[in-house]
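Please go over the structures that come below.
Next, two complexes with subunit A in common: one pairs it with subunit B, the other with subunit C.
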Partner chain A sequence: MSQLFPKSANKLPLQIIIFLIVFAAVVTAATTYYATPEYTRVGYAPVQPVPFSHALHNGQLGINCRYCHSNVEKTGFANIPTSQTCMNCHNQIKADSPLLAPVRASYESGNPVPWIQIHQVPDYVYFNHSVHINRGVSCVECHGQVNEMETVRHEKSLSMGFCLDCHRDPAPRLRPLDKITDLNWTPAQMAEHDKWAADFIARNKIAPPQSCTGCHR
Partner chain B sequence: MRYAYIILALLCVVLVTLLGFRGATSTNPPRQVFPDDVFPQMTNQDKYLPQSASPFFADGRSDRPVPAGAVARGTPVDDDILATGQTAPGQFLHGFPAGIVIDAGLLARGRNRYNIYCQPCHGALGDGNGITKHYGMGATPSYHDDRFRQMPEGEIFNTITHGKSTMLSYADKLTPHDRWAVVAYVRALQRAEQGSVNDVPAAHKTDLGLK
Partner chain C sequence: MSADSTTATFDDAPRSRDSAHVHHASEHPRPAILDEVNPARLPRATLVEHGRSFNWITEKICGIIEGKTPAWWWVCFITAAFVASWTVMGLIYLVSTGVGVWGHANPVNWAWDIVNFVFWIGIGHAGTLISAILCLLRQKWRTSINRAAEAMTIFAVVCAAIFPVFHIGRIWFAWFLFPIPNSNYIWQNFRSPLEWDVFAVSTYGTVSVLFWYVGLVPDLAVLRDRFFNAGKKIRSWFYGLFAMGWRGSNRHWSNYEMAYVILAGVSTPLVLSVHTIVSFDFAVSLLPGWHTTIFPPYFVAGAIFSGFGMVLTLMLPLRAVFKLEDLITQYHIDCMCKITLATGTIVGYAYAMEFFIAWYGANPYEGFTFINRAFGPYAWAYWIMISCNVITPQLFWFKKIRRNTALVWILSIFVNVGMWFERFVIIVTSLARDFLPSSWGYYSPSVVEIFTFFGTFGVFSVLFLLFIRFLPIMPMAEIKAVTPQADGHAHSHH
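So, the complex of A and B:
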């Protein structure tokens, strides 16, 4: 009677186990790479109903972030401006531009311009803009250099790890409150930033929560 | 066994081909790692967020208009001199209302708010030479005209609140207290424009290279 299995079959169980380990490693790597916000969210740059350029309005003209996002210091939500805010200038500047037709229609009818939200944390995350802005965390830390963007692009991952990096060690990302909307400012522009930051943290009792309930309820 | 590794390698190639790399710019909405059908009430919960959409209300939004006559907590009521700048209808207040204390803090707040909301048109010095002038904004008056120097504080407050000719209302951006702070800072700008070397305190003259 001939043998049912060749001699090489003796090695098979070990080879299968090694393959499964390699396979699991590949699956883990692929999940880490593709199923995280670094891949799913970063780079999102939708086409808006009006091709508003932050590079022009903020970067070139120097209009402060808070001119339009006027509630960011007071509330948890950084508001999209009313169309009246646009009309403050655009009732005279480029008042007949076809690109601004949705804004004019909104101003007359009272219905909002259907802007598309880009930065959005999941509904189980409670992020508060005002507490960050009033404690020296600039817009640029989470939104990137919006002052250089023709079209706003989702620049940072806003993943939980991203939040925790700063909550564990806020000092390098803090800045004086009068530089809060200066998106080109870097700590290198300040002499002895680490000393200033340590003092700022002590004075304002900054203790970013690292427990679950800090951000999840 | 060799075939299993070849198939795995091919699968990786197909995956990278289909999904690309991290950080590529795209107009497609973000992919859901936890789809709503499988994980209901997680990423998207049945609750209203600010400025969100609502299928319930006729105008399709969750933010509701403020009913007429409503007063937010902590804000002065409509006929309060703090909120109108008028002692009687059409009579503008000269000076500041009793609740406003003029100090360095108020002026600092006024300067901060002025530089955000007023400077684009009125200019950092209040001379009407803001950045918008270069882009077709009609003539923005200078605060340093006699007409504005004589204007009662209450009328400046009223202009910020309700706008005037092509300037629209800034009441939604500046609280009544902030508006009075801006009025105080405008007065400071007007005073500074008329400043002379005699106004510089002796202690600071050397800093400025003055005798």
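So, the complex of A and C:
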């Protein structure tokens, strides 16, 4: 039927197969790169109403995380400090800085500073900060080295896979409780960390849930 | 001793044991009982009647596609499309609102959706049986019904797939059913028969489409050439595209035959495995009434039973409308009725055996379940099932009934009604009366559910009407091969 189809049509099946293989590969690669939390969440760093620098307050001045996020060890929710906490110092230091105007306004009115939330787990996920902090999981494991950030950015993917990586094998991510807020500390600084971690897990009966209902209650 | 000597006489071979006796017997051979062996002649049924020529077959089958679209086709198509819109609207409403628009509630969380899924999947089985098992068993009467039955299989799988997919509620997560690596680390539970179902049904759908398509290729080429010669280039181009350059050369036919037999071999286990796995959805659970080992064979027999019911429902009107009596002969109808009778009897036996085991197993919960089925709140459904599935097929014992086409058609519809009720009885009665009497309930479908289900008959009909309008409903080459004139040995005595 050469009148109906050109001779090049003989190559069509092969061309279609090659196209489908390439197409599937491109779609897979593009989805893996662009459509996962590694791309969609990591790097999110919104401009905040006040240019608060964690690198200055925590990294240089050494104010402990828990001075501001004061409930993180005690409750499931790691609180954002009220403007009263800021004003403890800033009624003396840089008391007239125009950059701190929203903090002073909040202090006077009682309305909170409209900080933009960066780290957020979905509503169907139960996450308890105190449980993690009190079992030797440092802030840095999920939030990255906030002590070096001028502007806080979303450092880790916080996908379910990210959670499960640690829940399946917590030992390498655990540290002594007195190093919890030391964001520069690494297990390499400890002699025989794995031995310590095994002992720590046994003593504290650390058994992170891997069942659905552990987090999706 | 006497039996041994008889054997020795027949095969006339000396044996180490009792050789003297054998020697004695061979001296006096037993006289022949008959002077002449004259075996009864059992002529094969004629599969194409009235000595129709090859040309007649081609013209007949191609004529259906080439002729003007009949008025009845448009009436049926528009009606079917309207009915199909019920399913579409029901599903849009479900997705935009939530799965709660269906009538499921504790304790009956599987109801019409799973009933409909099993019902449609079961119907598909006749197509696969005809195309695969009957092909390997060289049942030549399959040739005039296999194309339409395979189309029926594919369209039935389409209708079946709708229900479990939409039952998950959030349809956009349907890809969770497949083992695709993802950043949520969500992985399938391969110990669950529901996951086996995903693979069983998708394999079944794929192989059925392949089988159907491979069989179509030579016929598509015929249509391509005929439309080309008639000067209809566009239609010729489309048939030519799917005929993939078929020229009917010796090599083409050789490859085709090989591919067809391989696909038949691949499909044969599927006939048995798909509904076996569907039955595992129930049998692997611990619910009384579901947790029985008889389920796989019972479900497979039921599937083939319902499938042949549907083949009869579809083929008999086609035969009448297109005047295909010479190709779908009374012998074909007899064969289909007899398979329906055989599988229907197996199903009836399974119903009886379930009751027997419930009594014999002395498990009070199992016993209660079956008493409850027959005399409980859903007794009406149980007795519809029994009358349609146990009594109806027994009528096919009678030649008079098998020869009454209109009656066979009506009975075939009863078969399908009965098989729908079978799934309803199994699924709903068992769930409505679970282990805790405090949670017992009564399930009724919602309006959305009813329209979604009846709409699938529209979906099926739309697809089937398109099939009979645009594709050859019978494999021309295969039918030609079973005509009397194609048999070169017809007059020789074997």
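By definition in this document, the second predicted complex is superposed on the first by the 215 of 217 C-alpha atoms of A that agree within 3 Å, B and C clash if a C-alpha of one lies under 4 Å from a C-alpha of the other, contacts with A are read in each partner's own complex, and residues count from 1 in each chain.
Everything that follows uses one rule, which is that a contact is a pair of C-beta atoms (placed from the backbone, for glycine too) under 8 Å apart; a residue touches a chain by one contact, two chains touch by 3 or more.
Every value quoted in this text rests on a predicted model; they were computed, and no experiment measured them.
Applying the stated clash criterion after superposition on subunit A shows that subunit B and subunit C can sit side by side. Between subunit B and subunit C, more residues of subunit A are touched by B. Using the contact criterion defined above for the overlaid structures, shared-chain residue A:38 touches subunit B and also reaches subunit C. Judged by the touch definition given at the top, the superposed model places A:159 against subunit C, while subunit B stays out of reach. Residue contacts after overlaying the shared chain place A:126 against neither subunit B nor subunit C.
In the superposition on chain A, contact is made by A:112 with subunit B only, not with subunit C. Of the two partner chains, subunit B is the only one that A:22 touches; subunit C does not reach it.
An angle of 140 degrees, to the nearest 10, separates subunit B from subunit C at the C-alpha centre of subunit A in the overlay. Superposition on the common chain A brings subunit B within a closest Cα-Cα distance of 8 Å of subunit C. Contacts of subunit A with subunit B, set against its contacts with subunit C after fitting on chain A, overlap at residues 36-38.
Interface of subunit A with subunit C (complex): residues 1, 3-5, 9-10, 13, 36-38, 157, 159-162, 164.
Every residue of subunit C that touches subunit A in the complex is listed here, in rising order: 182-186, 224-225, 228, 233, 236-237, 240, 244-245, 247.
On the subunit A side of its complex with subunit B, the touching residues are 12, 15-16, 19, 22-23, 26, 30, 33-47, 61-64, 66-67, 70, 75-77, 79-80, 82, 84-85, 87-89, 91-94, 110-112, 122-124, 153-154. Against subunit A, the residues of subunit B that register as touching in their complex are 1, 4-5, 8, 12, 15, 19, 22-33, 42-45, 47, 49-51, 59-61, 115-117, 120-121, 131-132, 135-138, 166-169, 172-173.
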